[in-house]
């Protein structure tokens, strides 16, 4: 009667980060144990064959914070704050037709994330993701899209198309929403409409994807004046990878264009871009070495650059140990401290550099 | 060794609601995606045969908020606020004897909920539940009872009796409690005692239930003076349904009686009632149409009325799609904005109406 | 593909506690239903054989609050406050070698907890745990250690050694941490380093363990001046049990030594100790009676004493019912109200006593 698959990842690392930050109160060094480079999770999924080429599918996946039991990270337990542990990664239900594709509703990996997942084989000290963050290309760094509907086409000759739409994605909250698209007396209250489009090609040694994201301005809906961070913007990216056998090589380019300029460092910021790449080299059947590099740039000298090298030893298809070392440096006029994502609160100041190492165990179940 | 069954429901809808509310700040229209009419959930349950007609059983069921990752809905993360995601629906452990019935402790579906579940085949835009809300008949709208003990008799000729008791149900918090029945220096601190009784008859085409609820006054326990919402009250209901084959027809009546009057619209409110009904008509093996209607009334003209029609197409026993349309109107002197339950914060003002539509996917696993 | 084991415990009790507390606002009596003496939980675990005597293992175990749906217990939803329901008990991933033992990272049962688990066969009204609390021997009452690494040796002739280390355990928060060991401009910000060592001997009728805990002073790391509760301390314990067949008898001794004295009752407190014991007597195959007693003492007459008797009837290996009665009395000069752990907020004042009874159902799945 019950046909659920329980699955997940257990991934924990020991980390050490160092910066040459100068501002008092900004982090200089940080050591400890943390959720790993790939990210611990537990999920439940199922599939029912409805006959006639039709299937019902669901997925419910939760993040695990394996090194603590803390509900909130931050200084105050603000309303609507997200859980650190058992946060919902994805939650959706859909119908899949062999001929017409899949339609589903709920919370999804945003296409920006799916795009980046192919651009960077490793997380952790991740230059591609970090340099996108510096540019504020949020479609690619927001892992999930809530309150959404998604269409995935069937795959023809390695090619498929995906579309996502949400009527209610609040700015600066990782597109995690409380309620529905809300109008008060006909006035939209500061929510965004987001359209995401992706085209994938995966055939033989080739893996490629194009991605486009459009964020509509709430003011277009006759609502409250949008803040700078809420202004309309367009983002797009192109990535490709080729597996030569002796090595797999990949490259990625992403660009963001704001409709209206915002002020950074006393001047207009409208455009930013990031480019990066990776190479993965197998040494025998058990060891993989990966090098990743990225550089970002934009108006008002936003951006920086970084390198990362990762070595992975595979005990089996499901279990490995890995070690990473990385270096990142921000542009001299880069406006603000750049966060490194999930690894604590280590940020890098303008013109400063960060070095980091981590080593961990990665187990898929 | 492990004999757990993992089960659940994945249920997501697209919704659109409209009101003719007049007060600035009250909602006029709302669109988006939301948890479905039935409600997404995941559960774990088990049963051990102890021999001699005795069994041990447990159940742990959690609600899923499939369209967001938000911990709190509301303006402040108040102490004791409930989770929107992974909230506990039920959690209990019990012993069941074939001869003497089941005794269990924990958190349960309140008998008021069990009563209503047979009165209204669909949730979502649900007149029976909404009209009960207008009357404040909380035994039927509070889904769960915490900190409780429950007895369920064996079933004889389709007939069984259920009793529930909690020593600690705080008013206006869906009977979800933090701690135990608490006395400070012998003084009860505003907690309630709730007694629930239910009698079910299910045989052949007939399904019927009677339900009684008594809420004791904390002041009876020599405690602090109760607020209006905490005053002693009695509630009861009667429902029945008959399956004619070409259609299943059901009706429900519920009534609430306060011990002491509270003031609404400048006068005494002590009594309110709700009546409603539904008819479900199968068209072939795959399609079900359901009509539900309800009307409520009470002192100070509390109440209103509503209709809902639902069409469901069944791909299988486990998977269907459905669409609903509904209309509700409040009485002219109805005191306050009436909430529609889980669908956002759309409330209806006194004398105003709401129309809504929704369409979704419902998958049981 | 998926090889997860889902397991857990469902354990609920009805309780009644009474004190002769005198201070207004302190609890006199408390009744209700609560999480049981052993503690409800659900867990997920897995093991992969990597060949060559090597295994990968993971464990993710969550606490269940079976009688409520409340996120927070307390007066304000403070930042970093822990969940009452679905709190993480353990979360780790590790590699185990038959020859060299297991190394793992994440969140663990602290060795102090493992130590006490063999000292007291029952929880609930638990004198050994309560008397340790009076002394503030936190290594033994803090159930888990976060942000940690653990080594467990192989077992030779019933003997094994375990070590745990965390670089970041905040005082007074049950060693539950938000982030990594954090330095601001090279200055540690009030985090502790904790070292735990345990040696176990389990062979035939004998079960014994020695445990040592060292908490480093943050000031040693050139950080902010530690508060009294954060000062360096050492704690150690010794326990043993022997199963005579007609009865199993056990004894435990624990001691805490602060590096710098703190002030209690107007004088220096540096040293405290607790000793206790239990006897478990089987009556036939189905019934077990257990008596537990403990006494604690220390500088400034910290401490008290208590007794508990528990009767357990086993329906099967997995399911039983049990009843407990207990008595505890604090020393006359004991400084503060002593909490009873998880059973509500009943605390005992200096010189006062508590009596309690509970009865529950315990089901393992």
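We just call them A, B and C in the order they show up, numbering each chain from 1.
Throughout what follows, a residue touches a chain if its C-beta (ideal position, glycine included) is under 8 Å from a C-beta of that chain, and two chains touch if they have at least 3 such contacts.
All of these numbers come straight from a predicted model, not from anything done at the bench.
Superposition angle, chain A onto chain B, using Cα atoms only: 120 degrees, a multiple of 5 between 0 and 180. Chain B and chain C touch with mostly distinct residues; of the residue numbers seen at this interface, under half occur in both copies.
Centre-to-centre, using mean CA coordinates, chain B is 39 Å away from chain C. In chain A, 6, 71, 77, 86 are the positions where the chain touches two or more neighbouring chains simultaneously.
If you check the complex, the residues on chain A that touch chain C are 5-8, 10-15, 21, 24-34, 40, 42, 64-77, 85-86, 315-316, 318-319, 321, 343-345, 360-363, 365.
Residue ranges on chain C touching chain A, taken from their complex, read 1-4, 6, 44, 46, 48, 50, 54, 56, 58, 60, 62, 71, 77-83, 86-88, 91-95, 104-107, 144, 146-149, 166-168, 176-186.
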